[in-house]
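By letter and in written order, the chains are A, B, C and D; residue numbering begins at 1 in each of them.
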Amino acid sequence: MPADLAVAEAPALALEMTGISKRFPGVVALNDVHLRLEPGKVHALMGENGAGKSTLIKILAGVYEKDSGTIRIGGREIEILHPSDALKRGIKVVFQEIALIAEFTVAENIFLEEYPVGRGGSIRWRTIRKEARALFERIGFDVDTDARTGALPVSQQQMVEIARALAHEARIVVMDEPSSSLTPNEVGLLFKVIRRLTSLGIAVLYVSHKLDEVFEIADTVTVLRDGRHISTRPIAEHTNDTLIQDMIGRRIETLFPRERGPASDRIALSVKNLSTAAKLKDISFEARAGEVVGFFGLMGAGRTELAKAIVGFDPISGGEISIGGKRLHPHDTRTAVSLGIGLLSEDRKGEGLMLELPVVTNLSLAALEEFARLGLIDESRERAAAQSFVDRFRIRTPSLEQPIKNLSGGNQQKVLLARWLMRGLSVIVVDEPTRGIDVGAKSEIFALIDRLASEGHAVVMMTSEMPELLGLSDRILVMAGGRITESFTREQATQEKVLNAAIG
Amino acid sequence: MVSEVSHPAGPGNAIGRLANNSQIVLIAVLVILCVGVSLAEPQFYSGANVIAILRQAALVMIVGAGMTMLLITAEVDLSVGASLAFVGVVAMDVINITNSVAIGSLAGIAFGGLVGLVNGFVVTRLKVNSLIATIGTMMILQGSVFLYSREAVQNHHHLAAFVDIGAGYVGPLPIPVIVAALFFAVAYVLLRHTTLGRYLYAIGANQKAARLSGIRAERLKLFAFVVTGLLVGVAGLVLVSLMNAGQPTAGRGFELTVVAAVILGGTSLAGGRGTLLGTLLGVLVLKVIDNAIILLQWNQDLQMIVPGVVLILATYLDLAKRRANAR
Amino acid sequence: MPPSVSLGRSNRLGAGAVDAFAVLTRRSDITLVVALIVLIAFFAFTAEYFFTLRNLTNVLGQASLAMIAGIGVAIVFISGEVDVSVGSLQAAVAIPLIVIMNHTESLTLGLAGALALGLAIGVVNGYLSAYVGINSLIVTLGMLFVLRGGVYLYTGKTAIPDDVGLDSFFALGNESLFGVVPYPAVVAFVLLLVFMYVMRHRPFGRMVYAVGGNAEVARLAGYPVRWVKFVCFVISSLLATISAILLASRLGSAVHLSGLGFEFQVVAAVVLGGVSLSGGIGSLFGMALGVLILSFLSNGLGMLDLATEWQLVITGIIIIVAVAFDELKRRRA
Amino acid sequence: MTRTIAKLLLAGTAFAALTAGALAADTPKRIGYVVNYGTHEWYQNVIKGMKAHAAEIGATVEVKDANLDVAKEVSAAEDFIAQGVDVLIITPVNEEGVVPLLKRAKAANMPVVLEGNPVKGMTTMVAICDYDTGYMAGVEAGKYAKDHLGGVAKVMNVGLPLLSATVLRSNGFMDGIRTIIPDAKLVHDLDGGGNPDRALEVSTAALAQNPDINIIYGINDSSSLGGLQAWKAAGKSQDNLLVVGTGGEGLAFINAMEKEPSYKIEAAMFPEKEGYTTIDAAIALYQKKEVPEHIVSPTAPMMGDDWKKFYDVAGTTRTPKWDAINALTPPAKCMKTAADLKK
C-alpha cells in the first residue's frame, strides 16, 4: 500500500510493518512483506508452512533481525533487536513451540517476563500464586498453578503459554498456531482469551492455517505465500475457496500427485497390542507394501510416541512389532533398521541432522555398511551414490561437502528421506514430514512419499496437517489419548469425521 | 552466501575439511615456534633434542589418539593420569613375579583396558556425566594405587626387553615413537576411513540421529572408553620402562596435558568435530613449548602459564573461524 | 531486571511470600539430609571424640571454605556454565591481601586489594565465556594454569608471610564467635542465607535458573542471557576470594601452594549436592549439604585413623554413586 | 635392647640427661602427627620410626595426612587439638602456613614439635640439615669427580624450587662440590617437580642441550633416578657419569646403587631416625623439659656399598640397623636454614 497513506493513518494503527525482507542461507524467507494491525481487532495471518508466517513474527518478537523494512508502533518507527525490545514496546508473542521453563511452576512461568517485586525488590510469591490462580479462573481454565510446568501435558502447557498474554500489559499480542495442540473446548477458552484482549483495545495477530478458526475469530486476513505478501482483506470478503486459493496458489489436488496404483496385500508391518509405560495403550494396526497409512491426532495424542516405539527408539511395555513377518526386539534401533524399518523424525535438528557435518555424511549414515568392505569405506562409491540421490531428489546444495546446516529445510528433509531410501527400507515411518518447509519443497516431499509407496514401500505417516493427511493416505487411523479411536478408508474420510474422532 | 562455505575437497575429505581450516593456525604456530627457538638456541635441532621431544610427544600422542575418539563422541576421560601410574605399578610388579616382560605388559595393558571399561560402564550405563565420573575414578585410582603399593616397585631382574620398550631404538628411531606412530596410523585410518570412525563422529554430532540410523551409540562410546584405557596401558608401559620402576606418584596432571593437546588440535568438547592430525599438532606444539622453555633456561613456571594461554587462544581462533564460516 | 519494567499493578498487592520451605523440601535435598544425619550418627558411634561440640564446630569451620566458594561455583553451574579456576584463585588473591597489609598495615586495604583481583579474574572468566563464547571449561581451566603459574612466578615459589600480624586478621580465620562457632562458619552461613534468598526470591536468581534451564526461552522472555552468565562468573570469583581471605588468615600468609586441587573438592561437593552440570537444576541448600557431607566424611575418616588413600577411594565412589542415583531419579521423574 | 640403643644415641645429644630422666617420669600416651605428604616413601619411614619408638614407651601415634594441602593441614591439626592428644607433631607443608596454628596450639596448651623446617614462634624442631646434607654429598661428589672424572664437574640439578628444604639441598650440593672443584659448573638448574616422570621429562631436554653434563644431582631419589633414566634413554654410556641422590628413603636408591654403575653417592637422611628423634622431642616437651630449639637428626653420604652398614634388605622390606644409625653424630646446628634463603 502507498506509504503516504500509511503515514496518514498511522495514529490509528497499533502496528505497521512495511517492506520487511529476510533471507536465510539457501532460502528467501520474506520478500517485501507488509502488515498493519488495528487496536482491538483480530488480524489473521495465514499461509502454508514455510510461507513466512513464523519468520515474520519472529522478527516482530526480536528473535530474528530483519534485513530490510520498517516497523512502526503507534506511528513511531522503532527497531527491535532483542526480545526485550519487543516486550518493552508491549509486543507479546505466544509461540507455537512451548516457551516455558520446564523446572518452574506454572504460576512462575506466567510472570517469567516481569516478576512482581516488593519495595525491597523481593519477588512477591504470594502475589504470583494469587494472580496466576485468578488469571486461570477468569478464563475458566483449570490447571494446578503450583505444578511443575514440565510435568503438564502439552496442551495444558500451550494454554499456560496463552494465558501469559493476559498477565502483561501488552498492546499487541501475537499468537503463532496457538490451537495446534488444543482440544476443541480449550480452543473455546482460547477464543475467550482473545475476545478479552480485544475488548481491552489490544491488537491481536492470529497466525493459523485453519480456515474454520479464522472465519470464527478474525476481522481481517493477510495471506503470505513463499515469503511474499499475497492479499489483505476483511474476512467477510473471503470464502473457503478464495482463502485456499490465496494460500496454496493452485487447486488442492494438484498438490498431491497420485501416480501409484492400489496397495498390494503383502503385510510389511504389523503392530499388535502395543503399549508403552508413558503413553500408548493397546495399539494394533497393519501396513501393507505400497500403502500409505496416515495417523492423525492432536498434539499429545501419541503419534510421535507411536512412531518412536515401532522403530525401536523408545522402550515398550507390552505388545509386539513385526516387520515382514520377523519379530522386532523392542528398544533396539539396530535390528529395526536391519529388518527394514526407519523413522523420519518430526524433530529434524534434534533427531535427524548432523548439522556440522557435510551433506554426504548425513546422507550415507544409515547405508554406510553397503559401501564398506571389512569396515573400510569405499568413499568414491559412497559419493557416487550420494550424488545420484542429490540429482534424483533435486537436492539443492553447492556440493556434497556442504555442512548440512546451510541447506534449506526442504532440502534438509530430502536428504534425510534419501538417507532411508539409500538404506533400502521396506517400511518407512514419517513424522510431520513437511513441518517448517516451504510450499515448493512440500509438494516435492509429497511426490517422494507417493513414489516410495509406488515402489512398494509401506509408509506410515504421522501428521497434524489435514490436507496432507487426506491427500496422501490410503487409510487413516485417528489417535487420541494414546489409543487408536477410529479408522477410515481414503474414501470415507472427511475433515469433520477425522476431527471428531481426534477429539475422542 | 552458501558458496562461501564450500571448499574444494577431494573425495572422502568431507570430515577432514571441517577440521583442516582450524589446523592451518596450528601448523603456523608450530613452524614459528621451531624457527624462533632454533634461532635463539641452535641446540634445539640437535638430534638428541628432537628425539627427546618426539619421545615425550609419543607418550602423550598414544593416549591422545584414544582421547580424540572420546571427545569426538562428546565424552572425556580425566582418569588417564592416575591410571597411567597404576598401570606402571601393576606391570612392574607382574614382571617381577613372572619374570616375563610379555605377561607383565599384557597385565598392564589389560589393567588400563579394565579402567576404561569401568569408566565406560559408569558413563553409558549409569549415565553419569563423564567429566564427573572420571574425576571420581581418578580419585579412586590415586587412592588405590597407594593401597596396592606404598613405595615404588623396583625392577628386580633387569630384562633387556623391558628397558627397550621405553629406551630402545630401531635404527635412529626410539621405540616409543614407533609405537606412537603405529597407533596414530591405525587410529587415523579408523577415524577417517572406517564405518566405525564415521559412527563415532555421528554419535558426537547427534546421538539421537545416530541411534535412529541403527547405530548402537552407547556401545561405541563404551568402545572408545576401552580403547582409551588400553592406550593408557601402552603409554604406562613406555613410562614405567623409561623410569625403570613402577612409580605410584607418576602421571600427576597427565590427563590435563592430553586433553589440552586434543582440544588444541581443534577437537570440540561438544563432540562431532576433530581430527587425529590436529591432535598430533596439538601435542607437538605443547611439547615444543615445554622443551623450549627448558632449553632457553627460562623460568619453568612458564610451562604452566603458556599452555593455559595457548589453549584459550587456540579455542578462540577456532571459534572465530567457524563463526566466519557460518556467516 | 530493571525496575522500570516491573509491574505497577503488582506492587499494590500483598507482601512477598517467603517460602524457603519450598526450597528445603526438594526431594533430592531430603535424601542428602538423611545421608548427612546417617553419616554423623555413624561416626558418633565409631569415632571417639567425633561427636564433641569442639569437633563438630571445627568441621563447620573447615567446611566453610569449600562452602563459600561452592555457592559461587553452584551458581555458575546453575547458569549452565562451569568454573574450575577457584583453586588457583585462592592462591592468587592472597598475594595482594598480604602484600598490601604488609605495606599499609591496614586490613581494609588488604581486603580491598584481594577483592579487586578476584573481581578482575571473574570479569575475565565471564567475558571470555559469556560474551566471546569460548567454552567455559576451557576458559577457567586455562585460568587455573595461568594463575597458578603466575603465583609461582611472582612469589618465586615461597610463601609471603604476614609481617604485620594484625589481631583482626588473625581472628578472621582462627577465632570463634562466643568462642564456639568459628568465624569462617559464620561468614559461610550468612553468605549461604543471602544467596539462597537471592536465588529464590530475587528476579536475578530466577533469571539464573531460567538461563541455565533453557537459554532460548530466557532470551524470549527478554532476559540479557550473556549478562546474567557474566555476573555469575563474577559472583563466583568474588566468593572464592572471600574463602581465600579466610584461608590466608588461617595460614597467616599467602602460600603459593594453597588451593591446589581445591576446585576438585568444590566441584565434587556441588555435584554431590545435586546441582546438575547441564544447568537450571539444583539448590544452594543441596550444595551446602554436599559440602558438609564431604567435610564430615574426611573428618570422621581421619578420626578413625584411616589413611588418605582410603579417603580418596571412598570420596570417589560416593561422588559417582550419588550422581548416578540423581540421574536415575531424574529419568524416573 | 632398642632401649639401650636409645640411651646410647642420647648420650651424644644435647638432652641426654633430660630424656634419661624422661624414661622414669610419665610419658605421653597419645601423640598426633600431621604429616605433609604421607603417601611419600620418606614419610612412610619417618612414621615407621615414630611408631616403633612410641611403642617402646607405650604410646600410640595417630597420623593425619595433609597430602600437600595447606588448608587440610590446618584442619588436621585442629582435629587433633579437638581430640586432645598429649603432644602434636607437625611437618609443615609450608613453614609460613602454620604460624597461626602454633599460636592456637599455645592457646590450647598443646605442646607442638615441628618436623622438617623452622617456623616463627615454635618451641622446638627436629630436622635434618638439608643444606649440610647436600653439602656433604657435594664434597664427596667433588672428590669422586677429582679422581674419576678428570676434575671436571658439570652439574645438572634436578631440583624442586617449590620447597625451601629442597632448594637448600641443591645449594648445599653446589657449595660442597666447589670446595673440591672450585670451577664446578651448574650447567642446568631444573624443576623436576620432585616426581619421577616430570624429572625424567625435563632432564631429557636438558641432557639433549648439554651433552657435556657429567654429574646429576637429585633433591630426592625420584629426581636423581629420573635424571639417570633420561641419561640412559638418551642411549649414553654411564662411564663418565656420576649420579648423586638424596633421601635414601626406600629401596629405589639401594636398587640403583646395586645395578647402576654411575649411581655412586646417596645423601642418606635416615627417615626412621628422624621419626625416632621426633618422638624423643615429643616426650621431653610433654614433660615440660628444656629442649633446644633445633634438634638435628643425622644425615650421611653413602658411597657404594655403605648402605649395607645401615640397612638390612629382605625382599621388599628394609630394616634399619639402629646401632650404626645411632652412632652417627649430627651437627649441633645447621650451616644454613630456610631463613637464610630469604636473604
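Methods note: a contact is a pair of C-beta atoms (placed from the backbone, for glycine too) under 8 Å apart; a residue touches a chain by one contact, two chains touch by 3 or more.
Note that the structure is predicted; figures quoted are calculated from it, not measured.
Peer 1: Just to be sure I understand the contacts, which chains border both chain B and chain A?
Peer 2: Where chain A and chain B share a partner, that partner set is C.
Peer 1: Taking each chain's centre as the mean of its Cα atoms, which chain lies farthest from chain C?
Peer 2: A
Peer 1: Averaging over Cα atoms per chain, report the distance between chain A and chain D in Å.
Peer 2: Taking the average C-alpha coordinate of chain A and of chain D, the gap between them is 74 Å.
Peer 1: Averaged over CA atoms, how far is the centre of chain B from the centre of chain C? Could you give it in whole Å?
Peer 2: The separation of the two C-alpha centroids amounts to 32 Å.
Peer 1: Taking the mean of the C-alpha atoms as each chain's centre, how many Å separate chain A from chain C?
Peer 2: Centre separation, chain A to chain C: 43 Å.
Peer 1: Centre to centre, by mean C-alpha position, how many angstrom separate chain B and chain D?
Peer 2: Roughly 36 Å separates the two chain centres.
Peer 1: I need the residues of chain B touching at least two other chains; which ones are they?
Peer 2: 146, 301
Peer 1: If I count partner chains per residue in chain C, which residues reach a count of at least 2?
Peer 2: 152, 157, 307-309
Peer 1: By the document's touch rule, what are all the touching chain pairs in this structure?
Peer 2: In this structure, the chains touch in these pairs: A-B, A-C, B-C, B-D, C-D.
Peer 1: Provide the residue numbers of chain B that touch chain C in the complex, in ascending order.
Peer 2: By the definition above, chain B touches chain C via 122, 126-129, 131-133, 135-140, 142-144, 146-147, 256, 260, 263, 269-270, 299, 301-305, 307-309, 311-312, 315-316, 319.
Peer 1: Touching chain C in the complex: which residues of chain D?
Peer 2: Within the complex, chain D touches chain C at residues 38-39, 62-65, 67-72, 74-76, 78-79, 82-84, 93-101, 103-104, 120, 161-162, 164, 341-342.
Peer 1: Under the stated contact criterion, what part of chain B meets chain D in this complex?
Peer 2: Per the touch definition, chain B meets chain D at residues 41, 43, 46, 48-49, 51-53, 55-56, 146, 150-152, 154-155, 158, 163, 166-167, 169, 174, 239, 242-245, 247-252, 254, 290-291, 294-295, 297, 300-301.
Peer 1: Which residues, counting only chain A, touch chain C once they are in their complex?
Peer 2: Residue positions touching the partner: 61, 63, 82-84, 86-88, 93, 95, 99-104, 108, 112-127, 129-131, 168-169.
Peer 1: Across the complex, what residues on chain C touch chain D?
Peer 2: Touching chain D from chain C are residues 48-49, 52, 54-55, 58, 61-62, 65, 152, 156-162, 170, 173-174, 247, 249-253, 255-262, 298-299, 302-303, 305, 307-309.
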